[in-house]
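Some structures are shown below for you to check.
Okay, so chain A shows up in both of these, paired with chain B first and chain C after.
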Partner chain A sequence: MQKLGDFKLPHFFNYPPYFTLQPVRDTREKQVQLWKDLILDYCRTQKIFVIGLEEDFALFSNPVIERSLSHEAREAFLSALVSEGRAEWLDKGHRKCLILWHRVQDWADIIFRFVKDNGLEDSVMTVEEIRSGIESRGTELHGIDRTILMRALRVLEQKGKLAIFKGTSADDEGVKFSM
Partner chain B sequence: MRRRPGIGGLQTAAAARDQYRLVGENVAKIRTDMMKEQLATFRTQLEEFARKHKNDIRKNPAFRSQFHEMCAKVGVDPLASNKGFWAELLGIGDFYYELGVQIVEICLATRPHNGGLINLQELCILLRRRKSDREAISEDDCLRAISKLKVLGSGFEVISVGKKKLVRSVPTELNKDHNEILELAQAQGFVTVEEVERRLSWTSGRAIDTLDTLLDEGLAMIDDGHRDGKRRYWFPCVSSNSTPVADT
Partner chain C sequence: MATNYLPKADLTSSGRPVFLPNEIECSILSSVDLECDDIPNFPLLKSGLLILTTHRLLWLPDNNSSTSTSSAAVALPLSFVTHIFSTKKSVKTLFHSPRVRFQASLDSSKSVVMTVVMRGKGDTDAFLAKFWENWRARAWENDVQTQTQGAVGSSSVSGSGPGSGSGGFYTREGAVRMVGVSGILRKEQEMWESTDKSLQEAFQDLNALMLRLGQLLGCSRSVSVYFLSAPQSKAKEMVILAEKMRQKLLSGSNSKSSATNDDEVGSKEEMQDWLLSVGIVSPVTKESAGALYHQQLSRQLADYVRIPLERAGGMINLIDVYCLFNRARGTELISPDDLLRACSLWEKFDVPVMLRKFDSGVMVIQNKSHSDEEVFARIKALVTNPDTLRTGISASDAAMTLGIAPGMAKEHLLTAESKGLVCRDISPDGFRFYINLFPEINTDDVYLSACAMCLGSKKPLHLHLGVPHTFTNSEKNHELEGERLWDL
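So, the complex of A and B:
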């Protein structure tokens, strides 16, 4: 079986017609389903948060069978993820896509657990610390995309679990947990 | 018989015919009785054989297939009923019913991908992957299980296309044109319109029509990604290694 790094690629990735958008509805639904699963799986294991449609992305072409996805196909698969709440377009032109292998709500739960596990219930952290600090090392939060993290924090803020405030530097924000 | 004149002659002739018939019937009866007796002996011995080699029949697919052949020759169908002596003795009925259920499951699971037509070889591979390895399954076993599925009237059928056997789980009727294309596709897993026209000497309308039908039935997939720019029609049912359901 073909591999990308340590990621095992599914069989269909080596079957050329899966790289052409299928015209028949049932066949296409199956095709879209397989690609959706593959994209989510791959992004989760490789910790990829943003896919650029016009950039080189490992899943968009398979040199072994000399096939690559057309722009239309890329957009179709990602749009399918968007419609399920597993992705979001970052721009109107649909050139960049945010991949939510955990939904925003799930990320909020992960933050909640992280805070509990580390006894940070009443602490203050900067957003940068959550992303790259010592506490989050080895957890899923380490290296998380900033946009997603901010969304998840807002979810918690709305529930009164924390407060977000402007930090000393203009581009960094702080979080006061109160769980 | 020499003909003698008068009513007496006719009566004698009739009586003689009756006698002959009686003798004939007797001989036939004795023959059938003997035959029945022989068959009965054979059956008992077959049963004894089955009892003795129970484990071999269960575990060894080649042995199992030979055993079935032997049974068929003497008119015994170990699969006819699940309550009969054979089923109790061998549990062989259960074996095939179980296999049948698994075949149905695999056919359903792969249907979105192959349109309800699956290569027998591939079906076997998927079956073996599901079973624990203590039980080996041969293509012969699959065929037997599928033949039992026919009574369900759900359109399970084995069709031969070229050298390959395909298992059909959808009621789609494949006509001769479809079959010819499937056969052609076996070489590379795909065909192009051009190839169909050339190899089968069809008009382009006929080729495109047939391919469109196969596409609509979900049996084919298009591929526009090749360098030469020619559209390829792939057939998941004839190419191995294309089934996405790896571990079910």
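So, the complex of A and C:
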């Protein structure tokens, strides 16, 4: 079976029509579904948060069969994810796409559990500490995209579970949990 | 019993009359009654199609109108006609439909007067003139002569040389001006004969030259043998070569009688047969059919296209038909627009063929009985072949296997694609089609197999199309097969 790093690719990855945007509706729906699943799956295991359409993305080409997705196809598959709330365009030109293999609400739940598990209910952390601190090591939060993290924190803030404030250093923000 | 008086005329399936050999249509009029007051129970031949040919006067029931088609088509050979009355212009003729009267002897004993009543639009005078002309020309007698002489291109048609046609269907000498492929063949035969004649004359000159050369040679031998030996051998060679050529030409021209088993002769005969088999002796022309041109053309086309359709496997490109049809017509070529109009008229007639337009705009003619299912079955067999499963097929691959034109094959593949049978692959290698495996892929199982920690059963690419015979029901084999096919 073909692999991409430690990621096991499905069999149909070597099926050439998989890389051509299918014009027939039923066929295309199935193709889009398979691509959505594969993109989410790959991003989750590889911890990829942003896909640049104009950059090389391992999944979008298969050197074994010498096929790669056209720009139109890439945009079509990512747009399908966007319409399901599993991705967001980061710019108007649709050049960068944020992949939400967990929805923002799910990320908020993960943070909530992380705080509970580590007994941090009333403590203060910087945003950067959540992303790369000792506490988050080994959890899904480790290395999380900053944009997603801020969005999840804001969800919790609205529920009154925490407060975000400007930290002492200009480039970081602090979080005061109150769960 | 009603049609006892007049011989029945045979019609093709699309409603065109079956013509006699060398018979040519000259005029067609619609809404015509054929009456005969001399016979008390003469059949009611009302409001039909009247076709004047070089040999006969045909009356066909109008099967477009809603009225019953009880009366059958009849034919009156022009040889039965004994007299054609000229029309008298009077006040009376201004008020009723124009008519043409003529005398005919239906059986040898007595003559009857018959009347053609023209209720539709049409040039009565022109019809009368053509009727007169054809009757006087006695084309049927030429046929008898030709048959008794038993040779193609005999003296009876020798007047049909190029440039002798004056616009009508007859040359000034009275012989039938040939149209269509048979006309061309006849002209070619005449050309062969004249070429042969002039060639023989030329060789006589050459022989004389050789004689002179021999004399010259005798005189000058003493001067220089060496100098002249070369030209002499050259000239001899030339004569031998020319003689060979002449033999070949001669054997070509009387291929039927001479028993030379030359390959070339065989192929020429074959070619001739082939050309004749597709030729249309009496093409529908604007001149003969007038306002009914497209309708009649449409019927003739429906009759003609049957054989090419059969050969092409039930579907044929409109462009191909255009070429074939015009070649069969030989001289009276039609425009693409006429062809299209003729095809569009098929919807109104009961003919076994139809015009079909593909989504891409490509137009074809196909049998009404033709079904895409059969083509799909063949495409399916083609794309599920163990070799093509991996490489897919291009339109030209399909064209070769299906025995059809590449453009046609692509239309079939695109239709098969829209039905979900195949799917496309566009790459720098070109546009290819693969068997559509998308519906076969189980989304849940793919998830499992894509995960590093996949457990239990997984069924990738469940290829139950049954072509690779190594497939078994065992899931393990399914997986192996999937890997064999899509992993390298």
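Observations on the model:
The rule is simple: the second predicted complex is superposed on the first by the 179 of 179 C-alpha atoms of A that agree within 3 Å, B and C clash if a C-alpha of one lies under 4 Å from a C-alpha of the other, contacts with A are read in each partner's own complex, and residues count from 1 in each chain.
In the analysis below, a residue touches a chain if its C-beta (ideal position, glycine included) is under 8 Å from a C-beta of that chain, and two chains touch if they have at least 3 such contacts.
What you are looking at is a predicted structure, and each value in this text was computed from that prediction instead of being measured.
In this overlay on chain A, chain B clashes with chain C.
By the touch criterion defined above, A:F57 reaches neither chain B nor chain C. With both structures placed on the common chain, the touch criterion links A:W89 to neither chain B nor chain C. Touch criterion met: A:P16 reaches chain B and chain C at once.
Of the two partners chain B and chain C, more residues of chain A are touched by C. When the two complexes are overlaid on their common chain A, residue A:F114 makes contact with neither chain B nor chain C. By the touch criterion defined above, A:D41 lies against chain C but remains apart from chain B after alignment on the C-alpha atoms of chain A. Once the two complexes are overlaid on the shared chain, A:Q2 sits against chain C while remaining clear of chain B.
Touch criterion met: A:E66 reaches chain B and chain C at once. Stretch 116-124 is the one among 44-52, 116-124 or 152-160 where chain B clashes with chain C after the superposition on chain A. Shared interface residues of chain A, touching chain B in one complex and chain C in the other, are 10-12, 14-17, 19-20, 22-24, 26-27, 30, 34, 66-67. Note for the complex: chain C touches chain A at residues 392, 417-418, 420, 423-429, 432, 434, 436-439, 441, 443, 446-447, 449-452, 454, 460-461, 482-483, 485-488. Interface residues of chain B facing chain A in the complex, by the touch rule stated above, are 112-113, 115, 190, 215-216, 218, 221-227, 232, 234, 236, 239, 241-244, 246. If you check the complex, the residues on chain A that touch chain C are 1-2, 6-17, 19-20, 22-24, 26-27, 30-31, 33-34, 37-38, 41, 45, 64-67.
The touching residues of chain A, when paired with chain B in their complex, are 10-12, 14-20, 22-24, 26-27, 29-30, 34, 66-68.
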